[in-house]
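Below are two complexes that have subunit A in common, paired first with subunit B and then with subunit C.
Let's turn to the complex of A and B:
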């Protein structure tokens, strides 16, 4: 082969080595183009990332574990059914240690490191309130499952929602009519001396008054207390109903000491199951609660009239008829609250579908779409019952259950109407800029 | 300790650290930028603690109360009375001053273990007080300081404390002021008296120094710095809650300082930063991340008895203040 017959003569064509390389690079680019198309498809079917702010350690750990189980069960079901807008959900968990400072840091981590689409799943009020400013500043939608009155109070911001569980104010307002009509009108309240207790103190008293009843004494218990005997004599003798909310490890001592104080001659007891979530109602020392009543968000024990949706939900999460883990009867769930994670995920799904959510650039649209929601029908997506959502205060309203302790189980004896728990909204987040 | 160390070198190092921190504002990825802003404020808390623990040798287990005094001192007037940011910050510092003066006068009647217990008890009283006045503080749940309230208007300019860059630079500014002030402090006559008290209080008194007055000044300086950190935390991050007054937040600055190096000016920053990332990274792998923190602390005791910078100073760079 002579020089002239060279198949590819760079010198004669005026092609330099550099332009040849450029050409090669362009060719390679073209060849890669189908891959690029595949990449854009991958973008649209890439997972929707949900940052799950979980209480894996700290005081909320027992709740956190069940919140995680419920979340995973719901996500599996949603993904099996095709995900959200055709995209699967990916849950990214960060432990907040049930601490408000770490909570805020975790929200920052979700938004700017994990680049999640939203943040979800917080329970303890102080973590919600501590994290809310960060969520608002980073403009990342923050869906909490906390039951605090903080969201509805208007004290947080437009990026925080509570669409899957009712708040304490609604809960205490809705049980008041039943208490007054069925177990007594003269009520003494025992509650923890911190914010959660104050929601009970502030909203139950007016609610029972409206029913012709009266709170005759309020006994706050400091959170550091481990024995309650000195508080019990403060309960007036003419008390008909002892309304108790105790959270934390002290509850077993509390019930035991209450039993010793009263013996068999006790007033009616009405409690909030929050005290005994993840605690076996048949634990030694709790016999005194037999015959008393509890508020439950969703019933722990399977009921005779459970809907198909409720049965399917329990099976998916993996709890037996006693509300304990299938396979470990001692591992009692936090059934009264954890359904909120399930329902919240379906609300997120609905809002993302309504807004045609594609990615973080659509977060503001997602907020507006969530605010536009008004009601949720009872069914597989909302197994606890139907609900009404108020987009102005970002809070959902629903039915509450009142259960009686009978033969070592909790049996639902009354289910409140949604209207029983409704109150005049005190805020309007929709006026805040996005 | 080399107290006659080259002044220029010392100040050059600290100015360089501050310059590096300012430079990082433009270089750090978003997440780490936000983290560092928070860490800097907490490092100020640790530096305040270090003044008392590292230099004066007084181990307090109640410093959460000074941080919280600043937090509430700034947060409550802003939330309830609508005060502006500068006034609220001033109120936070004033609250820290008053609290540390009173606590100092009472607690310094004791020393050693008794001092630890007394400071812890006062901090517990303070914590319970924040719960007791739940009507105003919302106790454990706490208060959110809204974004629009966390802005400063300077003439035609509005400084938005919730914007990441502004927040970061303000955190650096506070850190720089406290850092340089603590360098000046520990190299001053008063600072040397504090070290003398730490090493041998009886001898210092015998030499004619008023050890009580010097210790009280150290408690107040320490309290005011911690309160400044607390006030800055409230204003920059928008949350005020009683968790920050709990005993955990009295232990944390002690750990940060021990980790970074007690009686070193830059140790608190290193300790706070290190601890943050140990927790941040370890929690990604296990929920038993406190076990990892524990292991790190054990390793520290075994190999870096004087903390990171303390050991560096001992072995290699003797002139570090």
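Let's turn to the complex of A and C:
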């Protein structure tokens, strides 16, 4: 044993405590020397660092990949046009594994290690809820693209914003009148058994009641479930509309098993495209969806009346008319959500320009400037459509699309107004101290 | 829905789960029985089987049944080959030390999983079933393919049983399991037997995955559930016992189906875990296992 110990014995290798201390002191001296702080006087040209909290792995990985593509496309465009306040954007990506605990660590890492100006880009609601307290503690602005109601609910803090995508409460409120008027009033809901699903459960039922309809059954399904037939007998026989919103790798199985269970004798289906994001609608087993309806944030398939801005956006991100990657027709995008990254980046740009943002010392000014925003016009920066921003609840409101599956494509049959999704705000973040 | 159709659906669902579970767990049980190592990477061989099935069916054009048939043969062979290489390169060099092999197979789990993520990607991808016949019962419809899984699994289990009890290879395997030193003394190439058993275990997981992939999808994280369930089955049935594994898989699968349909899936998991705890307390060798010498 005595011989083996040598590696760890400092005394024998000639490295004394004194030399070690000298080395440390020399290193510290170097760091403190004036020339070492490279950007102290070059701040005007140093890049603005945006920490991108990405779902590269875990159940959100398919979304994460497309969020990254969209973000890179928008950043390239912004940088080519001169950046923000004359400074280029630099995106620093950290994978959160679609895991709330790692999400919080990633936010901490951005703030203290990468020293990014802000954090951006999170989708899955449980990761947002897990990461938001850390962003609040470290006082770093946190722009999410998550569509959960948690931001608008007032449960998070003043540093969290959702300015590029609407929240679930607004979405379900705006589609409920159309469902009641067009496909049926007795609704059975199937949703994932966690925060995102609860937003649907809590806000769709009152919205459909207000239209004279009723939710006759609610079936929560654990997010890790891989087989669904066992839940289907719980659907009451007098269901007129089956409202489904599912996420994760099991969704395709869910729809296929629904098809096997019902055959042609099925209730009307209304789904959130979340169930089939990144999945080809013409996959084997999905014929069952023909004629059913979906909510879409932004349409996956190019529509006849697409604006120039929408066309330019699709080209920049690299998706074809079917919403799949230009290079690989089988690589279907998460088009209904990923536009939110694009629009959020332009909101950040606007707020940074409004506040004359220079560096991390201006983070509080950036928060106030974001809160002061009120509306975004449809155009290259907001290709999905007009938006109204409520600075008190840090949430944006916009149009929603209802699409019908016809001939293997999704065709938009109804576009809601912004007002359809408005609700009475329940919070005011601006009263919280910065 | 009335009671009887409800029960029928629950039982059918449970039988499908059992069929796949029995194959997967048998692989785990075999590896433990003969080699005395706990293969934590077993679920990843399952996942690899599904991912390869996707890759094979996507490469072969023509009728889906053709691609599926090729996948059913080729995918387990490839997975078996990978397992054999892993056994030769890693486990053999650790001299099958129980603690070291657990850590090594955990490492293997992460390596396979991350390689799948890198080369296959994060999406869940569907595989077309060889045929899509829907059986319309008076109360609900059911997938004909799912029923065929039960039959296919029963055939494969019979084949495994035949190999283990009626062939020379099976005899050699059983001899190695019974007493390694004596087998060695009688000239049985124990090292080669270990390699073959590890490969066979992985192949059983892979073939189960190929059977299930047309009704689920191939996904790089899909190995976790089968691994946990296989452990539950193997502990209840008794490590190394073929009969015990099949009975325990039926018990866990069918009760999971019935309890989740009538009560909740969470309760089914709670009860399965409770049964494991009770078995460990009152019959540590499992229902059909023999006490270790």
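In this section, the second predicted complex is superposed on the first by the 391 of 434 C-alpha atoms of A that agree within 3 Å, B and C clash if a C-alpha of one lies under 4 Å from a C-alpha of the other, contacts with A are read in each partner's own complex, and residues count from 1 in each chain.
Operating definition for what follows: a contact is a pair of C-beta atoms (placed from the backbone, for glycine too) under 8 Å apart; a residue touches a chain by one contact, two chains touch by 3 or more.
What you see is a predicted model, and the numbers here were worked out from it, not measured in a lab.
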With the two complexes superposed on chain A, say which partner A:233 touches: subunit B (first), subunit C (second), both, or neither.
second
Contacts for A:430 in the overlay, against subunit B (first) and subunit C (second): which applies, first, second, both or neither?
neither
After lining up the shared chain so the two structures overlap, which partner does A:57 touch, if you call subunit B first and subunit C second: first, second, both or neither?
both
Should A:211 be classified as contacting the first partner (subunit B), the second (subunit C), both, or neither?
neither
Just subunit B (first), just subunit C (second), both, or neither: which does A:101 touch?
first
For A:85, select first, second, both or neither according to whether it touches subunit B, subunit C, the two together, or no partner.
neither
Return first, second, both or neither, reflecting whether A:283 touches subunit B, subunit C, both chains, or no partner chain.
second
Quick one: is A:222 in contact with subunit B, with subunit C, with both, or with neither? Answer first, second, both or neither.
both
Identify the overlap between the subunit B-contacting and the subunit C-contacting residues of subunit A.
56-57, 222, 224
Quick one: which bits of subunit C touch subunit A in the complex? Just the residue numbers, please.
1, 5-6, 9-10, 13, 17, 64, 117, 121-124, 126, 128-129, 132, 134, 136, 140-143, 215-217, 219, 221-222, 225, 257, 260-261, 265-266
What residues on subunit B touch subunit A, complex-wise?
29-31, 34-35, 38, 128, 131-132, 134, 138-147, 162, 237-239, 241, 243-244, 279-280, 283-284, 287, 289-290
Going by the contact rule set out above, which residues of subunit A touch subunit B in the complex?
56-57, 94-95, 99-102, 104-105, 108-109, 112-113, 125-126, 129-130, 132-134, 136-137, 148, 150, 155-157, 193-196, 198, 222-224
Would you mind writing out the residues of subunit A in touch with subunit C in their complex?
56-59, 61-62, 64-65, 222, 224-227, 229-230, 232-233, 237, 248-253, 256-257, 260-263, 278-279, 283-285
